[in-house]
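A, B, C and D are the chain letters, set down in written order, and residue numbers restart from 1 in every chain.
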């Protein structure tokens, strides 16, 4: 069952609509936009750009899982100017060329969001890595001990205020 | 061979012991450490422990210009440096909409495929070493040496290539390279036959790999495994076809798949891919157009704000670069999605209840490069 | 001359000769193995020490002797030191009954074959002891493997030997060689008249010999990509060197036995000029095959190895045994 | 049952095929090069450490100490200094330090150089027990006449 772009946008739009729009404190970096945005693959490298609330990443993962998507990677971006942490989930599909990006923003001093490792066991490692590098706390994750960093590491090197 | 049910039962902690395979162990190529909880010779849990060769390439990316990060890409997966080059120049070209001349694209494909063969040859020989066969290593390295000579002639280095540039290549290939590549294709085919006679058809190898470490297509999906691992589970997923880049759409090749999902299937995928790569090289050499190898590129690279992805089919699977730009000449964020990382993440689940030699055969069949996992 | 033939002197002399033979063979077989491996892999092998690498064994031994003998803390030091001695002595003992030529045999006893097999089993125990005494997880796994492997391969080997014994009717090795006199078609290997499956029995014997000597593709004890160096992981210097020597001593013994039992020992293939030269030629041809096999195949999987023995070799050897006895009954009674 | 019985001779045959392969290789000549006694030609594009090139007319380095290479280097391993000599339009190099321990031979410096004043050398026999030996002073190296045609 290869999903069509329209079906997916509709389902993900439902999800994003059900949640309150991301509350941004400080200057908004981009003008407000629709949470589900089709993207030009040739220019961006993905087809659908979905912004959801932090609490909805696991439901989004569930929807994509039902449609046969696989998790590509999880990563963070530290938007220190906005005092926010962006978390980006990339998904790909093995039977169709569809690429989907799910993104959410969490406050920088309180970076917590649910884990999706129950849906995608492969997310376990990606979340541990994101925890290592950004200090993102994935609630419900089985083990967030340092992964790629030394086992006694307490720092998060990809935060923009980190200096060695 | 997996454990019979009475052995696979949950054992009491005092009946098991912990065996550290790595970070210095002959089967851990590089510095991978696997903490194995063993019940006799059966592995009840195999937990990979990473980070021994972590270099924080992603932080380096935030500290240097787009062009300065390019040499780093060749050092993430040292066996398929050109594919990683390709992904990074690809993402910048995509963001800036740089036109790459066709000749450059063809040369990129030719050199990338040569690189893929050399990577597979290293995998093949190292895998055979894991299985206790020494001689194939030397035969494979003999062939690989010819490849490295070819690539050294055009790129200047033998392993950590940095040959692609934003908008093209740093220099053109010459006739001796073309002749050498043609000669290589011609002489590699009989060598693959030799490999088949010596190793692939060998009953010892078949007994060793058939049915060992089955990985289902569903497990691959859940863990995001790609490349030969996914194709060995019967899924015809190849970034070269799924998200076509460069001139791959113009070239005819097949995506070899084997549905069994065991180590033998992954092995056969690798061997078939070498043949397909030879086919691609032969076609690309025939179609190679004349012209420049460098397109028009702005003098100072500044990517428009936003995020961009570019995925390539590296020798081990899907490699994706995701960059975030804030309109400066250095990236705001570089994320490297490496295939070995995802491929290894299913190891703990896939290896449960197998005996030690099989666990190591499974590890070898996943085709891992440790710096690629740790970055 | 009279002193030389007295029993104690003769004993001492034969002991010294055997030790020298084993020592030299071990040293130069290592070189042959490395050179051979080199040629199989299209490289020259060791070629720096001495002319073309001929002094390499001397350099190796000097290196091993100059190294510290480390007994790791926590090991059973008595067993740890005893194991290397125990592994080498049985192979030397067994060579005492092997007839190198009609007269060149240290101890010509009439149950030579029995002695070889009974002493041969001690080597297993030595490796098990070394694994046990080392207090190393890899070594323990290796020890367990060696025992089950050797038990599994002892059975088809003995079945094959019984098949042969029914034909020869004697356990005296020299007598067995004498029976194969006159042209290569008289060798046991080619005696298809007595048992059409004779070449198959030889193949089984050869496979079992490889397994008993822990040679690739059956080198479960070392299995360097799994168990580092298995039972020998903790040994350093000459302690390790002795295990290495024992491996080659066992190969020499195994190949000598194969020569005696299947290829007519010191008999010449044309029925003329029997002697030591023929024995050595056949012996080294077999040893070359052993090296050739090692550098061709990957290692078997442990359960595959046991399956090979219990599911393939033992049924076939039982069948040959039955066939042999049936043919003996029909044609020779 | 039939298949597993047939597997025995087939498997044995596959072993013989493998042994035939290694035996044919056994009688072929060796392919390795005995390295210190014999070396292979180095390709023209080989990337050794960088070196300064000289102007054939004046015999002095072409480098004008513009420091583009210093800025292009991803590993900060180049340090250039120069003075403006009297009666000349361009500066000339007085100091060119290369910290070879950090260099990754990416070639960014060579590509960025506007006057082809640096190039890759073919020098690969570099070994030392001291890290300090790899702080190359390329001007000194040029004067010492290492590998200049």
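Brief remarks follow.
To be clear about the criterion, contacts are C-beta pairs under 8 Å (C-beta built on N, C-alpha and C of every residue); 3 or more make two chains touch, one makes a residue touch a chain.
Small disclaimer: the values here were computed from a predicted structure and weren't measured.
Contact counts per chain pair peak at A-B. Distance from the centre of subunit A peaks at C, each centre being the average of the chain's Cα atoms. Measuring from the averaged C-alpha position of subunit B to that of subunit D gives a distance of 25 Å. Our note on geometry: subunit A versus subunit C, Cα centroid distance of 63 Å, whole angstroms. Measuring from the averaged C-alpha position of subunit A to that of subunit D gives a distance of 42 Å.
Listed for subunit D are residues 12, 15, 18, 21-22, 25, 31, each touching two or more other chains. Within subunit C, residues 40-43, 295-297 each touch two or more of the remaining chains. Contacts with at least two other chains are made by no residue of subunit A. Two chains count as a pair here when they touch; such pairs are A-B, B-C, B-D, C-D. Listed in rising order, the residues of subunit B touching subunit A in the complex are 50-51, 54, 56, 58-59, 62, 91, 94-95, 97, 217, 220-225, 230, 235, 237, 242-243, 306-311, 318, 320, 322, 324, 332-333, 335, 337, 341-342, 345-346, 349, 374-375. Subunit C makes touch with subunit B in their complex at residues 37, 40-43, 137-138, 141, 144-145, 216-217, 219, 223-228, 295-304. By the touch rule above, subunit D contacts subunit C in their complex via residues 8, 12, 15, 18-19, 21-23, 25-26, 28-32, 34. Listed in rising order, the residues of subunit B touching subunit D in the complex are 64, 67-72, 75, 135, 139, 142, 149, 152-157, 160, 162, 170-171, 194, 197-199, 201-204, 207.
Per the touch definition, subunit A reaches subunit B in the complex via residues 41-46, 68-73, 75, 77-78, 88, 90, 92, 94-97, 99, 101, 120-122, 124-125, 133, 146-150, 157-158.
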